[in-house]
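These are the structures in question, set out in turn.
Next come two complexes, and both contain subunit A; in the first it sits with subunit B, in the second with subunit C.
On to the complex of A and B.
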């Protein structure tokens, strides 16, 4: 089973500083990484490959730092990786990203399954998986918590709010996974060393074109094609409530109630 | 010239940090209380390939060939950030530094017997040179090894040795031991051999340390202990030189532990002084605080870079012909070992002063850090002044050698 895993390089969200005066996030110079959803998708691909054979190809878009970041995907178990770091790809919105990924997937050609995270660790719009599936005309399932190969089909158990739903998909298919699906292990030193020797390709825009089909249209991706306008990304206002209870008994009761409603104390 | 880690080294550092923050940091207090490192932590570190860094793949290791010490430096640094008491970093660095000597100079039988177990985190390897009469004057040690029918018969006593309970009770292991095999040949009459803890005739002695409680300290009394000659490292009567070679590796990693601990201590104080307010402002506003942190940061950054150089040089000495002599490497390494414990001790002490009374409680990890690093200030892996002696010998020349 040949599996393509699409991954997005994101900044380490825990390292974002917020300017006290303006509540603006400081995004410069942050370390980059793959989010948990993406690592779960990759780990699931590696597991399926170990069970059913085939090959895992990681496809990732991001900044020039991606040639380092991608080593983690190769260490977790991708057999090869294609990275998309060209300036032309930067600033894509979800539609631009989906067009780019669909084009790359078509160029790779030989695949049975495409796996992605349900959403990216930064924006979490969750739009890219269905958009890619639509462009490629593939059956698609999201919120996957379990994937099984049964005969020629894929049985996917989806994590819905009130229930688990298991559906069957014909292959090839696109599945996006939740973090419930597995716990990606930390790669060991030997995996990391092997990662350095695995094939890693950087595809420029003119290499992403597909024979017999229209090539990648620069006007369809990147900042120019983005129709999403960010109106505000300020941190929420934090106000500390200074509540003073004059009466100790009343104060204790109110504090207990507050702690119970926050789930700190059990009722 | 590269002043940055490779992508693989960076990823390895990130993985070790992730593992240690999740699995070691929350358990340090428990380990200090129980006086023992849990097996699952050692196995977790082994799963990441850390115990195998200095061991070739054919013996079950994970050696990044030609970059072993650079990777070992990263691993020990990260472990010491998580266990500032130094118990786990020291346990691991001893296995790495002295396991390396077995990889390099052990007989095939010895390598087959222990290396895979070392790499799996199931076998401790320590160093065993110091005696009740002293440790700094290595050429004067008295424990004897008399050759008889394929064995060396060991008699004598070693003390201030790390990992005694570990090899006698907790798990399998042994100590690389320096013994006199030719009584009349001065420093050319020593042999280095591996003594497993389970040989008959060994009586352990346990000492109670002031810190670093997760790893025991003590000694061994040897009474007619028969050590098969397959346990000899390198050549008979050439042990002194191997000992010096092993010390270079171990001293680099001791410095890595000090630097990792100090880096974390400095981060703790940096974060604290930004939050802690006095006289209506964060105490970071006071230059008495901020300048001290700036100075400590500067010292640590210089040391970190020099240590990276030392680890790189230690890798090169084994991969590049005529790169430098082991004596030259010992000068570089001694600069690290002279500076690292002192700077780490100073940074831990400054951090305690900045945090104030809280740092003197057991709730704060800085007290254990200070006690842990003191073991390296006072002597372990070569005393502070011995490092100066080596540096003076190599830089000034033989005229500066007091023992001749």
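On to the complex of A and C.
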């Protein structure tokens, strides 16, 4: 089973500071990484490959730093990786990203399954997997917490609000996974060393064309093709008292008193 | 002509969106229409009319029996074409989150999911959603003529309205085989407690070492007459509690009088579920836990030591 896993490089959200005056996030100089959802998708691909044979290809779009970030994907177990770091790709919205990824997947061509995370760690819009599935005209399943190959079909157990539903999908298909599907182990040192020797390709826009199909239209990706206009992006104001006690006895006494006087303890 | 089309597989969300849709349709001076797909929801057509839909499109096909986003997007695109709708509103349920982007791509439209506010300004549709892992709220508009917006399922309450003179239109759907077969569907076990209605809510997190230890939280809930809810790892990952006791983005949004956070770090995906509590108290052994920044009161300490003492104090105060 040949599996393509799409991964997004995101900034370390824990390290975003908020400017006190303007409530704006400070986005400069943040370390980058892959989100948990994406790592779970990759881990699941590796597991399926170990069980059924085939090959796992990781595809990631992002800044030039991807050259380093992608090593983690190769260490987790991707056999090969394609990174998309060209200036032309930057600033794409979900539509542009989906077009780019779909084009790359078509160029790779030989696949049975595409796996992605349910959402990126930063925006969690979850838009890219269904969009890519639509462009490639594939059946899809989201919020997967279990994937099994049964005969020729893929059995996917997906999360719904009040049920777990198992469906059988014909392959090729696109599945996005939630973090409950597995726990990616930290790569061993030998895997990290091996990662450096695995094939890593950087595809420029003119390499992403597909024979007999229209090439990648630069007008369809990047900042200029984005249809989303962000009017503001600010941290909401928190209005809590933040009275924190480090002395347990004092805390218990003061807090029970305060809760009583605020009337929240009476029933 | 353009218009607004409402679709959701969840009835309360469908009628809530119609209610909100009436105001948006008026502000944009566009007609409001509704789509009902599949056998089950066809029965809601009358209520769609009494909630202001000018036309309700009802479509069914055996291909709609199992949810496959490709098929549902195809069906909805056919309805949108007949309704001449450019704006499609749906619920950001788990299915809605699969469907909305797929339909968006089919229509080459603009999209937003998990939308927490929807308004019209200068005749443009403005949405709000959380960004950067919930650290910020992003207010957005789209420049595409067509838009598909998935709105948080319980954002709008349903209220009948409109002149009720709309019509029901049966629409024949032409759908390809869905390539999807249902193997089994298992209802999730329920916690049997409506944590959204709780006046006093105790939230438990990974600070609890063992499932049995949750009794400590239950003791506190009993002393206060409250309910116990949890962070996502405790339900989804550990199966210590049923999924429907999860508080937060992928669980319930609660607004109790008092929320007590025990051994949970206060990640934004959790705290969006308790943001509107009147008073918040946190107990956490790490002084740097983000939960303290969202709390009115806090005790830095081991929950195994603090919670039994708190129960004693409350029981004492009650006497």
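Going forward, the second predicted complex is superposed on the first by the 240 of 267 C-alpha atoms of A that agree within 3 Å, B and C clash if a C-alpha of one lies under 4 Å from a C-alpha of the other, contacts with A are read in each partner's own complex, and residues count from 1 in each chain.
Definition applied: a contact is a pair of C-beta atoms (placed from the backbone, for glycine too) under 8 Å apart; a residue touches a chain by one contact, two chains touch by 3 or more.
Quick caveat, the model's predicted, so the values are computed rather than measured.
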item	value
Which superposed partner A:190 touches (first subunit B, second subunit C, both, neither)	first
Subunit B versus subunit C as contact partner of A:142, first or second or both or neither	second
Subunit A residues touched by each partner, larger count belonging to subunit B or subunit C	C
Which superposed partner A:20 touches (first subunit B, second subunit C, both, neither)	neither
Which superposed partner A:71 touches (first subunit B, second subunit C, both, neither)	first
Which of subunit B and subunit C A:124 touches, first, second, both or neither	second
Set intersection of subunit A contacts, subunit C complex versus subunit B complex	none
Residue numbers on subunit C that touch subunit A, as the complex places them	66-70, 73, 93-95, 97-102, 104-106, 108, 110-114, 126, 129-133, 135-144, 178-188, 200, 224-225, 236-237, 244, 257-258, 278-281, 287, 292-301, 305-306, 309-310, 313-314, 317
Partner subunit A, residues of subunit B touching it in the complex	6-8, 10-12, 14-15, 18-19, 47-50, 52-53, 57, 62, 64, 71
Subunit B contact footprint on subunit A (complex, rising order)	67-68, 71-72, 75, 186-190, 192-193, 195-196
For the subunit A and subunit C complex, residues of the former touching the latter	13, 16, 18, 25, 94-95, 98, 121-131, 133-135, 137-143, 153, 155, 158-170, 173, 178, 180, 227-236, 238, 240-246, 248, 251-256, 258-260, 262, 264-265, 267
